[in-house]
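Lettered A, B, C and D in written order, each chain numbered from 1.
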Amino acid sequence: MPIRTVLLGAGPGAAYFSAGIERLKMGEIESYGIPFGNLFRSYRPEDIQIVGVFDVDNKKIGLDMYSLTTKLLNDENVPKTLKDIEILRGLHCKSLQGLPIDAMGLDDIIGDSNIAMNEFISLLDKLKPDVIVNIITTEKQIQVNNESEFIKLAKSCNGTASLAYAYAAAEYSRLHNRVSFINLTPPLLANSPGVVSYYEKVGGLIFGDDAATGATPLTADLLEHMAERNRKVNSVAQFNIGGNMDFLSLTEPERNKSKENTKGSIVNDILGYDAPHYIKPTGYLEPLGDRKFIAMHIEYISFGGFTDEIVVTGRINDKANLGGVMASVIPITKAYIDRGYKGTVSSINRFFMKKPGPLGTKNVSRIIAYNELMKELKALDII
Amino acid sequence: MPIRTVLLGAGPGAAYFSAGIERLKMGEIESYGIPFGNLFRSYRPEDIQIVGVFDVDNKKIGLDMYSLTTKLLNDENVPKTLKDIEILRGLHCKSLQGLPIDAMGLDDIIGDSNIAMNEFISLLDKLKPDVIVNIITTEKQIQVNNESEFIKLAKSCNGTASLAYAYAAAEYSRLHNRVSFINLTPPLLANSPGVVSYYEKVGGLIFGDDAATGATPLTADLLEHMAERNRKVNSVAQFNIGGNMDFLSLTEPERNKSKENTKGSIVNDILGYDAPHYIKPTGYLEPLGDRKFIAMHIEYISFGGFTDEIVVTGRINDKANLGGVMASVIPITKAYIDRGYKGTVSSINRFFMKKPGPLGTKNVSRIIAYNELMKELKALDII
Amino acid sequence: MPIRTVLLGAGPGAAYFSAGIERLKMGEIESYGIPFGNLFRSYRPEDIQIVGVFDVDNKKIGLDMYSLTTKLLNDENVPKTLKDIEILRGLHCKSLQGLPIDAMGLDDIIGDSNIAMNEFISLLDKLKPDVIVNIITTEKQIQVNNESEFIKLAKSCNGTASLAYAYAAAEYSRLHNRVSFINLTPPLLANSPGVVSYYEKVGGLIFGDDAATGATPLTADLLEHMAERNRKVNSVAQFNIGGNMDFLSLTEPERNKSKENTKGSIVNDILGYDAPHYIKPTGYLEPLGDRKFIAMHIEYISFGGFTDEIVVTGRINDKANLGGVMASVIPITKAYIDRGYKGTVSSINRFFMKKPGPLGTKNVSRIIAYNELMKELKALDII
Amino acid sequence: MPIRTVLLGAGPGAAYFSAGIERLKMGEIESYGIPFGNLFRSYRPEDIQIVGVFDVDNKKIGLDMYSLTTKLLNDENVPKTLKDIEILRGLHCKSLQGLPIDAMGLDDIIGDSNIAMNEFISLLDKLKPDVIVNIITTEKQIQVNNESEFIKLAKSCNGTASLAYAYAAAEYSRLHNRVSFINLTPPLLANSPGVVSYYEKVGGLIFGDDAATGATPLTADLLEHMAERNRKVNSVAQFNIGGNMDFLSLTEPERNKSKENTKGSIVNDILGYDAPHYIKPTGYLEPLGDRKFIAMHIEYISFGGFTDEIVVTGRINDKANLGGVMASVIPITKAYIDRGYKGTVSSINRFFMKKPGPLGTKNVSRIIAYNELMKELKALDII
């Protein structure tokens, strides 16, 4: 059975994901890079059907995913089936302000955010998604503590586009079809008590926040490696530099702060003490493209008071990694919806997210989160 | 209660370990680098009492551990308590043949390996160890399939010094005091069915083989990280170069082979397929000393068929790491002896050893092995 | 003959340098890390005599260099001869504003920058330096185009402390003793036409700007390596993170900008085109101390259109490197003073400085600059 | 005017080079990766015309370079012009013994090495090369001290194939057309006095030995960087691992020894003392292909006795680098032939070769060798 999926944000993440999913369906590629990819049974990545993609960039709206993907992947051979997926106008809420993009959302065009919201919900009703995935450009972080604050910020477009989208999805969930909303960006949704309780009420599921791709999951596992040997970590430095919009947008301090917050907490959560650390997206360097360069330095004390050091460097395609996360988390959360889950599910967030919700959830190493989730998925007969 | 401990091999491993343990007792250092070091309760690293150290290097025999450690650590301030520990003559069985060492064991001096063996057992009886730790120079690997082969090779000194020592410890276990024999070197003891079954019979415990220090446990966790994301690993290269006897001795092909065997199996065990790999101790470079340089390259395919790469480099003090392993595994195995365990215990080997016994035991990532062992230690009220 | 030397700035740079020089005189260490250190003849590092150190930190003024160095190097065995060198109050000109330091200069105490300046000049006259070295905390960059602007900014303390010091040294040069003023910090002195021409007039020598220590000289040589093979450099990323005041002070945007400016120009100067690059001091991480962590990534196209990559990482003690530069450049510039040179000397700046003066001087690889300078030093009979 | 060129060895080096040269002629690629590539005037890489390629692998002989290159570069779009270049049978002299290749040379077929040699010379006479480039699989090293030994070893095929080819080229030079023979492999030709003097006599030019590609030229420049700062290098470790025949063939000890010899001498030559080093091709790992992984560690003492470390890692396509060297050295040496040079030219060897001939020539950093060669090329009106 197809898993009807809507993507919010027609950037490289959407392009890598949709090209990969279509290639997977056609048997062109293996399920490499999809966690649990070799274990899925009735809910499978191949069942994902992208039914619509929303964006607010005037240059993208109206295009199909084939032409977008051809350009963003710089690849002439992307699957033709992507021609059937249209890029539609979504909600803006000024989320791209300050960036060099000619952006216009339904809210900008209609001029009334309330009406725009309803318009967006009825668009959702036409597409009938089971899963909605948020991969728009990084916004600032707002923690929403109660439902009325959530509703107010969302309907007025005074919070973030992510909040507005999450609210629209909840309303769609309440009125039409119970949906899984997956927030793979830093703004706090699954970490906002007001959002999670509203989803619980309407019978939807919200997951997040910030997909655990790139160097941070690796850092988590390396820190766990240290912690288990009772090594004292003196310092952790982690640099990232890349050439896509993610990095360009981080040249704005508030967006950068947002990204930094979801990364730093792993140190204290895993080591049990706040080892001095510098873990930040560092800069923008256009030629690196989607394949960012990472560098990490960890110094620690081992037995007898001796000091060791390790350095990790690498070239990592964040967007391909994100595609793998999406291809895994979409069928999983659909299965949870079908099994009647509501609100959020921390075991899923703990493996897939940098800042796992609900609020207060501790980061553990990915290896441990993986094994716990695997047990749960087996118990639920999902893998 | 003190845990009476005998060390086989008066090399840098013994020096780092004994200096560290004494410093720990005196409160000079923290328990950093000792797995479970912050969790121990009644069996503690501080309870370890080194009652004797055996070697066959004529330059070392007769010295005390204070003078040896001062020299090997190039440190004028090692604890004075080390003056009480004497270096005694042990069994040679030609284990240092081919290396530039003036070596002479009891077997060489007495001229009859059978009598030498009995002499060594009676020396053990005087020292009354609870735990015996094998950290002699790397020997070749012999798998011993039955007890009679074990006894024959050991008594004749025709196998390895490790086999002879393991047999002596078993006899001591049978005649005097149930002992834990921990093999932290590559030769197959816990992986030899004939050795394990003999220990079962005499009521002793044998652990091994080859302490999981250095880069290999890290490689195991990195591979698990890949496996959980279903990434296809194209290749793994791992280099090590250091300046101590370990690396010098590996310039001999058979010893090197022995080391290589215990490292390579992790790839297949963890990934589930034999990704092309080159994992070997690479060379000897004197100025690096005990703090070896490691370099590792992993290339893998992620979602969509894209290729990522990571590189890990570092300076790691193997001997300090080994000391931490010893400080943890000695109290743990003493606790198991006291709880009546016999033969070997795979959960302990799986975390602490590169090639965990008994024969057929699979390597898992260290993080998983750690968590399983932790549960067991809690259940047994050890931590 | 002693080379009487005054240091401006009693930070780790002064500590490393003064401890090293005294140790060198006492024969405790070799001349390692001093460019041309093994070639000097009549003007030698051992001839350097530190006659005074100026600072504006109230916690440091009045101390001797022995107690300061003991603390900053965390070393109990620094040479006792450092007790003879006093830390005196210098000029502040608000150069430490915004940093957590209780700073007070002669200008703050006297309340009139003009009188403070004269007071400082008369202090210099008492110390009778041949060479004055500027190693104060990084300030913003001001280019001073003519002499009157130089005099005005310096006397009013409205520019930087570096400008004020440079003017005082020029006046001392004019009135008392021809001096070499070496600016090893980023503010533009040797790159300010107004400063250089004033030194020419008074018969002094000014060198700068910003000592070529750390990763930048290495980057320069790596880029030259690429250029000579006609490789097309796609991108250059260079990160630095450290734990001393240099890095802390760079958390202030203007100081960071100042540092960045002197680093970036090497790309265009050496490659002949402005390859996309990100070369910046990146962050502050206290436990790294003076031994910063660097990471560099260079991607380039080689023959046939194939792409290669190299990554450089390292731990580098900037302050020790700076000490080596000081120990070399002080005797060299004293020799130039004695040979009647005035203004500045670009061949010296090209090897020793990140942004070599006078204005318009091109960066070349260090290896080339070294060989040119070596020829000149031989021709002048200095080495 | 075309520079008629014969290649010895139809391996990946020939494939990368010939594809690159044809692409360069067609304007498909830039001259990136060709030293002096942007400076050439009348002798240009575009003038190179490959007139024949020799090999002894039965699977390759009779193919054209188009089909070979398509396969070796795994690229469907290599230039069609390569169809005109045939792979001919050359001399074997058992050079591939021990490798899994079905090899047969003229000497094997004819059964008489003397006649085979004459046959090969007459093949050369038909192709009329100006330049002959030796890029066959690494052989052992033999130093040939006089001409009679050279002639004897070559004609009997009892030395190496490289010696036989060099002799054939010398005879061709004497009888037909003065030729430049460029040895880009480790066996000692330009370092054999007997070979160089014979070339001097016949009026040919011989260059070598072992092309300075890969990590070694980079190491040379890094060591020069250290030397100029008078840093004391404690140790140098350099690893290489790759997936082509070069690395596979090095699993044979004698070939490996041959490679090692040409690398190690740079340390002493550049630093002036023999810093402990481990510089060797390390292993074979098939998936890395022609793009080898390198790792290098340098530890050194800087001013004040402090220790710094740098690590270099990278992915480098040796064969593409070799192609760039060939594209540069072929026109240069043809120009020297036309200017009447005989024997060998050390300035060319010093930049392009790992072990520059004639015997006794010192390695200098590449940056210095480059600048000296550049001056000479300008003086000779070549660039």
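Some observations on this one:
Heads up, the rule we're going with is that a residue touches a chain if its C-beta (ideal position, glycine included) is under 8 Å from a C-beta of that chain, and two chains touch if they have at least 3 such contacts.
Quick caveat: nothing in here was measured; it's all calculated off a predicted structure.
For subunit C, the chain with the farthest CA centroid is B. As for how the two copies subunit C and subunit D face one another, over half of their interface residue numbers coincide. Averaged Cα coordinates give subunit A a centre that lies 51 Å from the centre of subunit D.
Centroids of subunit C and subunit D (each the mean of its C-alpha atoms) stand 44 Å apart.
Distance between chain centres (mean CA atoms), subunit B to subunit D: 46 Å. Annotation for subunit A: residues touching 2 or more other chains are 309, 311, 313, 315. Here the chains touching each other pair up as A-B, A-C, B-D, C-D. Residues of subunit B that touch subunit A in their complex: 16-17, 19-20, 23, 29-38, 217-218, 221-222, 224-225, 228-232, 291, 301-306, 308-317, 320-321, 323-324, 327, 365-368, 370-371.
Only residues 234-235, 237, 239, 241, 276-278, 280, 282-288, 293, 295, 297, 299, 309, 311, 313, 315 of subunit B touch subunit D when the two sit together in their complex.
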